[in-house]
Every structure is written in structure tokens, then in C-alpha cells.
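These notes open a run of structures that come right after.
Same chain, two partners: chain A is paired with chain B first, then with chain C.
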Partner chain A sequence: MKNIKSEITLMQYILLIHGVQMGVGVLTLPRELAEKAGTDGWMVLILSWFLSTTASLIIIQVMKKHPDGTILDLLTHYFGKWVGKAAAIIFVLYFAVLAHVIFAREALFIQAWILPYIEVYVLILLLSIPSYLIVRENIKILGRYAEFIFFMTLWTLITYLLPLEYAEWLHLLPVLKEGWMLILTSVRAAIFSFIGFEIAFFLYPFLQKKEKASIGIVVANTLSLIMFLIITIGAFAFYSPDEITLYNEPTIEMLKVIEFQFIERLEIVVFSFYLFVISTTVLPFMFITVFCTSWLAGKQDHRRHLIWFLLIECAVVALFPPSFDRNTLLQQTIEQAGLIVAFAFPLCLWAYVSLRGLFKRRAIK
Partner chain B sequence: MILPFPKRSIEESPVESSLKGAHVGFTETGSENVALIRKQIHNRELKIKEMTVGKRGKAKVSILYLSDVANQEVLKELEERIQKVDVDSVLGAGELAEYIEDHPYSPFPQLLLTERPDFAASEILQGRIVTVVDRSPNVIVGPATFDSFFKTTDDYSSRWMVASFLRLMRYFGFLIAIFLPDIYIATISFHVDVIPLNLLLSLGASRERIPFPPYIEAFIMELTIEMLREAGVRLPAKIGQTVGIVGGIIIGQAAVEAGIVSNIMVIVVALTAVASFIIPNYEMGSAVRIIRFPMMILASMFGFVGIIVGFMILLAQFISLKSLGTPYGSPIAPLRFPDWKDLFIRLPQWSIRNRPFSTSAMQMKKANPNRPEGDKRR
Partner chain C sequence: MKRWTLSILCVFLAAFLASCGRSVPLEDLTISLILGVDLDDEDHLIISQSSPVFSQETKKNVETYQVKAKSIRDSRKHFDALATGEVTAAKIQVLLIGKRVLEHEGWFSILDTVYRNPAFSINTRVIVVDGPVSDVIFYEPDDKPQLSLYLKEVIDKNIMRSRTVVDTLQMLHRQMYEKGMTPSIPEIKKENDIELVGTALLEEKGKYVDTLSIQDSSLLIVLRDEKKQELTFSIPMTSLDIEEGIFNKNELSIDVSRVKSKVKTTYGQGQFHFNYDIQMTVTVVERLFPEGLANKGELEKMIEQELTSRLENLIKNIQKHKIDPIGLGIYARAYQYEQYKKVEEHWGEALAESSIDVSLDIDIKSEGATR
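Coming up: the complex of A and B.
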């Protein structure tokens, strides 16, 4: 395989995973949490962080058994060619739909916030150009991109702290007003924000220092947790507990109160910049989709597949113009699948792999 | 009797003049150019490899490098590429550079051309490889990184704070030259609500009589100034000045009074032009001037989103480009913080102890940490 040679550093690995987790979800996250769990929503985040970190550590444990290949090679190794191919098809579908959902949602947000007069498929076409230029390269380039974007967009977090001068911290009190049960039941709303760490299945063989993979994935999850916590707690303190559910994207809405002498409506500027952050979610998903298809076809070069993917994407969007409702519906479906792919699947695989190892060792004795 | 080839005496390069550096420039004689570099680095490890390019007008090409520093793979790559060039004749270093560069379809220059022996020598000391082409006053420096187009020899001969300030100005100029007209077009045609009321009123007053949308206004002015610049380059200095006065002052003033372009647009275009001239490397400055036009089209069609998409395309270039097989964006992408000592700001010389990672030199260390500290008082 051509791509197997290219390697990513630990920081690129961390920021790739973090970039995938940080995306469109953040814009609506405070509202979704507030609807489910009130102002205790931030504690749900910590709980889901715990769960997703556990799942990601399991993924790393599984990948350690076959360190030179991706999950597809591992499945082929353990279960044979056909299972590997079937798994590849499932992964293609999963990541393609995920990429589509976020790509379409990105365009919808642009339409809603910045360019109301431009059709969604035109925006998709426009965004496809840089996406093609970046994804056609290898994982190294994606890693560099994620790294660069993370440091370039860190300042948006500072603008986010500015509206907090109007914050009322009492909104967060009393802690645990609804009891533990509500928090436990609303974990599902928060856990989807962490979805994306399953790309570790594909990143692991490219990592230079494999022994740091576990630490790296924990750092990535924690970094995302910190970002999510800053954003949700900020939003909870800024809005009153009932008001927050009125806005669709409370995270952008908050920035409306900032005004400088030289700039107003900062949310337009910040949201335009946020497109970079969203791109770090979409691009790795696209890459893994075409990576899987070219693995299936046994080809080295994924460029042609990528062109096809983007063309199909444009066609789908042009024929079935997405709306927020439909997009949300699709998102909920793919999130269910995400629970299986990111949580249930690695757990089962880990159980199988370690049991098998155990039996083999006994058989040798 | 055949006379020896006529040659020009050594004088300072008009394109890359410096305040404090040596006032010496390369000439059209390859052997003299090699001697000028050897004068700077008088070391037995400085190796010179010679080959010829071209079938009819054979040009002697000399590759200069430090044999215990320069990366052998990069050297091999460069040699192979030069050997593959099979043409009638190569008349200049720029022509050869176009044959051997990695991505001919990218707007960014990937090999650095310089007329300054001291700059070439300093790049050799960093672990890079210099190619001298006979008959050309330019030498090719490779592998180049993006940041090397923003460095001058004066950076190292003036004090570090001054040098850092100037360097920051250059990067700022780079951003302004690409993004200022786009941001202006995007805000005026799409996001007027971003501008605060008072500023908006003065902008409106300035644009009141203008019949064109902002992007046409911007294109008129940008093209005018590009033509003026090109006209000024080709003409002798005295007429050049006249063109500058006629073009810059008279046309600019008259266009505003006639109501074709707004005052603010003239300011934007003038700022952009000045910003693009602050970039020390001519090739990079020209690249910036070209990039501006597609960016302006994107901004006029999609506003801020267009600018961001254009930025992403540039980033994709920046991240994936290679120069002689080594990453072009180093040390920014791939990120390598130790090399940031000599990137946006130049820290004092004695604190830069290693060669840049991007050259993948065999010998990383170039200086010792101990330094004499003047007459330190006890």
C-alpha cells in the first residue's frame, strides 16, 4: 500500500482525532444538552467523555494486535477475506453518510447564517474544490492540515469568552437539581459529540510512535472535553435556563452581543472562520471513505474515487435538496450506527481477539 | 583570434539591494559566481559538482553544497533532475528552475532565485544546495521553504528586534496583499452589517456616486496599478518616474473625481500594492499579485465564504507542496516549534544553534551555546 509509508506524528494524530470530534455538533450542543438535562448538562459531557475514552482505549488495544494494518487488514487477518470486504463496505457506508451529513449541514449553516440567497448545491460544489485538493493527498497532509487549523483557529475561543461579561453564573446552581437519573439517561445526547474517535481504527498503523497511541487518544478526547465544557458552561451561564432552548444554534447566537468600534456582527466573521474547524471533521471522513473504497478495489490511488465521491455528493444534494429537518433525521440515524461502530463493535472485537489469544496460548501449552 | 567572452564587472544587484549586507552581486560569468560563493565559505567541505545542460548552447551548471551537511538524497534528487533536462539551451537560472521544480502548476515559487552571494552562502551553511548556471546572474537555492522567501540578509546583520519587526511586517504585508481587496469586496457586497454604523456612513458617502458594483471598481483599479507597475519596470528610470506620476497621481485622482472609483477603493488598492512590494523576493511578490485576482472573484461571488474557500485552497497548496522532495511549509506544516526561532521573529543569533529541520541536514548543530557576554559586571 502506498499510503502505509506515510506517517503522522503524535501531535498530528491527537489533533486529527480532536478535529474530527470538534465540528458542527458544537454549534447546537448547548441547546441539545439543555433540552435533555437542563443546566446540569455539562456533567453529562464528563460522563460521556469517560465512556468514549474507554471505548477509544479498547480500540487501541484491538489495533495493537495487528499494528501494521488498518482495521480492514485486521479483520481480514482474523476472519478471512470476505469478512474483511464486508466490513469495508460497512465502513464505506458509515463514513460516507457521516461525511455527507456534516458536509450538507455545513452548507445549510452557511446558507442560514451567511449567504441566504445561494443554493445549497452551489455551496457544496464550492466547498468540494478545497476538499478535493486536500483529501487527494495522503494522511500526512491531512494530519498537517488538522494541526495547522487547530492552532490557527484557537483565537475563536477567545472571542467566545468575551460575551461572558454578561454571564450569570448562578444559572448553573443548584448542581444536580434533577438528580443522577436524568444525567444518566441523557448521556446519549452528549456522546455523539465525541463520535469520531473511531477513525483511530484507520490512523493507528500510520502513527510513528505506536506506544503513545493510548495516551494520544486520551489527550484528544480530553482536549475535546475541555472545548465542549468551555462552550456549554459558557452558554449555560450566558442564557437563562429556559431561554437557551429557544435558539437553534446558541453558540453562534451568543457572539451577537459583541461589538467593537471597527467591527459589528462578529458572529458572521467567527462563523466564517469556523468553516475551517468544520472542514477538519469532514475531510478525514471523506479520506477514510475513499481509503476504504480503494482498499476494496485493491488500488493504490484514491483520487478517482474521491472525484466520484464528490460528484455523487453534489448530485445527491442537487437532486434531494437537504433541509435541517431531513439532515437532523439522517444525523440521528447515523448516530445510532455510530454507537455500534464506535462502542459495541470494538468491544466485541476486543473480547474475541483476547479470548482467541487466551485459547491459543492454552492450546500451545 | 577568438576574443575571450566579454563580461560585466561585479556590482550590486539592483533587485536585491541591501542596507547593511555586502554590496556585491552575481554576474553573468559562472566561474566568477562560484568564486564569489567560495570567498564566503572558504572550507574544504564546500564541494562543487559540475555538469552541462543543453545540446547547442551548452551551459555549465555547478552545484555547490557542504558535503558534510547537505542531505545526500536531496542532492541526488537535484542532480538527477538536472541531468534529465534535455533541451537546446538553457539561457537563465529561472529557465532551469522551471524545468526542475516540483509543482509547475502551483502559483508559489518552489525554488529560490537570488543575486546575492552572501545570501546564497548563508543558505549553503543552512544545509541547502546552490546551483549556479553559467550566463545567469541568478543562482538557484533549493530546497526552499515558504519562509525562506521572506528572509533577507539584512535580517541577520541588523539587531534582532528590528529584524523581527520587519519580518512580521512582511508576513502581515503578505496577508494584506492577498486578503484586503477581497475583504473589502466581500463586506461591501455581502456583509454590510459587519461594518459599524459610523464607518458605514463614511463608506457610503464615498461610494455614493459610483455606478459600478465594488468588484468591478476593484478590478479596474487593480489592473490599472498592475499595468503601471509593469510599465515602470520596462522604462528607463527617468520616464518611469513620469509614468508613476501620470498614472498614480493623475489617473487615481481623476478617476475618483470622475466618479468611477471611490476614494476608499483607491486606498485599498494602494495599500495592497505597497504590501505586495514589501515581500523581499520578486517571485513571491508576483505570485501574491496573481493570487489576488481569483481571490477577488471568489469574494465577489460568495463573500466571506468565498474568501475562506480561497484560503483553504491556498492552504492545501501550502501544506502539500514540496521543494526537491522536502516539505515546503516546514516548520509551520509539518509543525516544528524549535525552528520557530528563526521564522516570524528572529531571536538573537546565539540562541539559534541548529540548522532548520526542513533542510534535513546531516549535521544539525551549527553553533555552540556558550557566548562571550561583553564586559559583564560582577
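Coming up: the complex of A and C.
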């Protein structure tokens, strides 16, 4: 396959995974955490980081058994052709819905914050064109794109620190307001932010230095954790714990207080840049969707599938105009599936693969 | 062939999707810079707005309207009917709230659109007007710049000099919802000119209770530990026993260069204890009495006594009204969470029952250039 030839560097691998994790969720993350766990929400993040790093390492362990193919090749190798195909269909559905949810949400955010008079399907149509131009290339281009966007948008984090002039750090105290139980039960709210590392199933065969895969995925998760922590703790210090849950997107709302002599409404500028960050989530999901469909069809070229995907996307959005409520509902559903695909599935697979290895060795003896 | 389809598609998309057709020149906009909310004598909601006029032909360069409306958004249709251009709210600099509004509970919901509509600026200064808002918003002095600029400058300057509290829409929102703090807003009044009165204090639900003078507002800022650029106190040294006369011979002014307020929060015997430890480094900038009446140590003592008694009076006043403009509830939540949680819903009463001690430590750094 054409894609097999392209390889990604460790840096691209890290930033691809990190980019996928830094999606639209960040905009609402502080509120969601505050709703569940109050100002202790940031500790929930650390716990979720631990869980998702563990799951990521399991994925790498599984992929090591069959280093030259993606998860689809691995499943075909162990369970036969039909299981591989069934898995490919499930992955297609999963990643397509994820891509749709985030793509539509991106458009909804643009409509709510920047262009209130433009229809969502027009925005989707507009977003589809650059998306097509990037996703039609191979994984290496996507890796470079993720790398470029990461460094290009890093400065937005600095603007995020500016409102902290008005922060009240006492809001964070006392640590552990309501005890450990609340934190343990709120893990579900935070763990979805880390969803996205499961693309390692598909990235692994393209990585140049495979021995660095484990360390790379830990770095990617940690990088995301640092970003989430800065944003969440910043918002918790800026807003009173009694009011933070009243804002839909506290992360953008916070930027509204920044005002310079030469520019007002900086949140629109920062948000426009943030659209690039969201694109690093959507594009890999799209890529993997069409990668799976072309694998199913046994074709080299995924461009045609991509065009179809984008056309269907536009049609769906035009026929069923998304709203925040419906989008959130769909997101919650797909997040449940995410728990299975990213956590339960690798664990079971890993157990199977290692047990099988064990039995085989015994048989040879 | 493929190239052709692609380029035709591109042209089609470019023509179809270009959506920036609705550009509005600045001259055609009526940009509200001041928004006023008030009640008339029969308790009808009055919304007023003032905006600059970009035209050489008109004599005045501002247009101001006042309408009866059900809400702020509803008022826009009345403004559109009156004003030259499309009325926009994105650049409102100052929000004036009449004191009559504040005398009714639940007025805050009127401001809902300001937070809900992303087009509103959240940095708008909020100011309380003692008297009708129309007196201020229709005021057109010959010797001042445009009213919106003038009002904003007056407020910002006094904030910089620590004479009144900062209050933007953002902060008002925080203070309204924060259970451990009650809102406080700068207050102005129109006599011959517009002047700053001090700080209006509201209770938990937003009802007006009292106004702090400019001097007391400075003390409130000390208690909040929010000193900005400058902080000055003028204190009569009554214990020096000088004849006051026409020229206030016992007056001493200090410039506070550094102030550090620490609060220790404890709970015992059924009440909260807040122990303030305030350290001030000051410079004497004015002393009307001759040298040698008091040495540095004695001066420090006298300033301490005077300021401590003023601070204690302020605290007593706050406790009397069962409000918390200082935000001591935030300290209580941070350090005595379990006890605070029990009284959270009526924190003002809990604060009124708690004991607040102030210990002030003045350090005179310099007595100025002359002896």
C-alpha cells in the first residue's frame, strides 16, 4: 500500500497523538470537571492521565506482536479474514462518528462565537476543502501538519495566562474538599479528554523507531495532561467555584477580559487559531476512517473514499442541522464506545495475545 | 479534463461560499458607548444609551436616547427606531445603573443578555448613579471630552489611585454568584459636575445597603489587599495637641508604597476568627506641623492608632449590614471548609457574628526631602 512506505518521526508521532487529544473538549472541560468534582477537578485529570497512559502502553504492547501492520492486519493475522473485516467496519463507524461529532461541533462553535449569521452546512462545506487537501495525502503529511500546528499555536497558551492577573488562587483551597470518593466517581468526566490515543493502533506501523513507541505515547499523554491542567487550574482560579458552572465554554469566556490598546475581543483571534488545533483532531480521525474503508476495499488510494466521506458529511449536516444538544448527545454516546475501543478492547486483546504466546512457547517445548 | 472540473468546482465554490457580503461602514453604525439602566418614578424600566456621531454636518458629536423597554435587548428595537445607524452593543465602555434599580431585589437578571450574547464586551465598567441616570447620560459639559471617555477615565484613574474598587461586568458576575462575597460597585453622582462618591455596597441578593466614602474605599482596598499604583492617607495627628487653626496644622499625609495584608482564619467557640496582619511601608509626603514634636517611632504609633480605628469602624459597619465586600468568605472556604459549608447560604450573618481583629504595622521609610 501507498501508505506503508511513508514513515513518521517520533516527534510527529507524539504530536499527532497529542493533537488528537486536544480537541473541542478543552473548551468545556473546566465546566464539566467543576460540575462533577468542584475545584478538585484537576486531580481527576491526573487520575485519568494515569489510566489512559496505562491503556496506551497496553496498545503498544499489543502492536509489538505484529510490528509491520496496523491493528486490522494484526486481527486478520490472529483471527482470520472475517474478524479483520468486521473489526474494520467497527473502526470505520467509530472514527467516522468521532470525526463527524467534532467536525460539526467545530462548525457550531464558529457559528456561535464568530459567524452567527452563517448556516452550519456552509461552514462544513468551507472546512471540507482544506480538510480534503490535507487528508488526501499520506500519514507523513498529517504528521507534519500536526507538528506545524502545534508550534504555530503554542503562543495561545500564553494569552491564556494573561487573565490570571484577576485570579483568586484561594478558590483552589482546600484541596480535597469532598474527599477521594468524589474524585474516583468523576473520572468518567475527565477520561474522555484523553480519548484519541487509540489512533496508536494505526500509527504504530508507520513509526520509524518502533522501540521509542512506548516512551512517545507517554510523552504525548503527559503533554496533553499539562495543557489540560494549565487550562483547568487557570479557569478554577479565575472563576468563583459558585459561578464557573454557569458558563458554557469557560475557556473562551475567560479570554474576553483581555484587552489591549490596539485590539479588543482577543478571544476571537485566539479562537480562530484554536480552530487549527481542533483540525489536528478531526483530520487524523478522517484519515483513519478512509484508511479503514480503503483497506476493506483493498485499494491503494483513499482519495475517492475521502471525497465520499466529505460529501456524506455535508449532506448529513444539511439534512439534519446539528444543534449543541444533539451534538452533545451523540458525543456522549460515542464516548461510551470510546471507553470500549480505547480501554477494554486493548486489554482483552493483550490478554489473548500474551496467553496465546505463552501456550505456543509451551507447545514448542 | 480533471483539471477543468476541479477549477470549475473551485470557481463555483468561491462564488457560492463567499459570505462577507454584508460589510457595514463605521459611519453607518450607532456604536453604543454608554448603556444606562434605571427605573422611573412609576418603576418602569428605562434603558438609555449614548453613542458618537461620525458626521461633520451635525453640531453635536453624540446622540443619546432614552426609552421605556421590557429588557435590554428589547430596548434595541426602540433605539433602532430612533438612531441614525444600526445600534451595536459590542463596544459599550460604561454601564450606568440607577440606585433606584438597586433598591429592588433580583435586578441582576436584567443584565442577562450582557453575559449570554457573546457580542457584548465583558470589560465594561459598571457604575452606580446616585440619582437618575438621565442626569448623567444627557450631561454635555463643554470642558470635558466625550462623556463615555470621561466617565471611564474618571473611574480608571480612581481605581489606579486606590480610591474605589474595580468593577467590570465580569467581576460583578463573579461577586453576584460568589457566596462568600457581596458585590461592591463604584458610585458617582451628578451635582454641578459628575463626581465620584465612593463605593456602593450591595447585599447578597444585590440590594443596595450603603455607600463607602472615598477614604473608606481605600481602606476596603487595603483589607482586600488589592492596592494598585498609589495609595494615600491624610490623617490629623490629634494627639499632638497642636492648635488646629485655619491651616489644619496637625495634618499628616502618607504615601503607602507597599502594603501586605495577611489574614489568618480560624474557627472556635461557634464563630469564625479572622486575624488581619497588615504591614505598610509608607513615605511622609506632607506634614504641616514643625519638626521635633514627635520622633519617627511616635509618628508610626499615631498613624497605626488612627488607621486601626478607621479600619475597625469600617469592619463594624460591614458587620452591621451583614455583608462581605472584602471576600472573607473566600478565606473561610479555603481554610475552614467544613464550618463554612454549613453557613454558606447566609454567609453575611455568619460574618456579622465572627470576630475580626486588625493589627497594623507601619514602617516609615522616609520623611521626604525637607526636615
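The working rule: the second predicted complex is superposed on the first by the 365 of 365 C-alpha atoms of A that agree within 3 Å, B and C clash if a C-alpha of one lies under 4 Å from a C-alpha of the other, contacts with A are read in each partner's own complex, and residues count from 1 in each chain.
Definition applied: a residue touches a chain if its C-beta (ideal position, glycine included) is under 8 Å from a C-beta of that chain, and two chains touch if they have at least 3 such contacts.
Just so it is clear, the model here is predicted, and its values are computed rather than measured.
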Touch test for A:Thr333: chain B only (first), chain C only (second), both, or neither? neither
Chosen between chain B and chain C, the partner touching more chain A residues is B
Once chain A of both complexes is superposed, is A:Phe262 in touch with chain B (first), chain C (second), both, or neither? first
Who does A:Pro130 touch here: chain B (first), chain C (second), both, or neither? first
Once the shared chain is lined up, is A:Ser240 touching chain B (first), chain C (second), both, or neither of them? second
With both complexes overlaid on chain A, does A:Tyr166 touch chain B (first), chain C (second), both or neither? second
On the A-aligned overlay, A:Leu275 touches which partner chain: chain B = first, chain C = second, or both, or neither? first
Now for A:Arg144: first (chain B), second (chain C), both, or neither, which partner does it touch? first
Could you say whether A:Met11 touches chain B, chain C, both of them, or neither, answering first, second, both or neither? first
Who does A:Ile118 touch here: chain B (first), chain C (second), both, or neither? both
For chain A, which residues belong to both interfaces, chain B and chain C? 115, 118, 126, 129, 259, 264-265
Show which residues of chain C lie in contact with chain A when the two form their complex. 13, 17, 19, 22, 90-91, 118, 121-123, 168, 170-171, 173-174, 177-179, 181, 327, 330-331, 333-335, 337
Footprint of chain A on chain B - complex, ascending: 190-191, 193-196, 199, 302-309, 312-313, 315-317, 319-320, 329, 332-335
Contacts from chain A onto chain C in the complex sit at residues 112-113, 115, 117-118, 122, 125-126, 129, 166, 168, 170-171, 173-174, 177, 239-240, 242-243, 246, 253, 256-257, 259, 264-265
As the complex stands, chain A meets chain B at residues 9, 11-12, 110, 114-115, 118, 123, 126-127, 129-130, 133-134, 137, 140-141, 144-145, 147-148, 151, 259-265, 268-269, 272-273, 275-276, 279
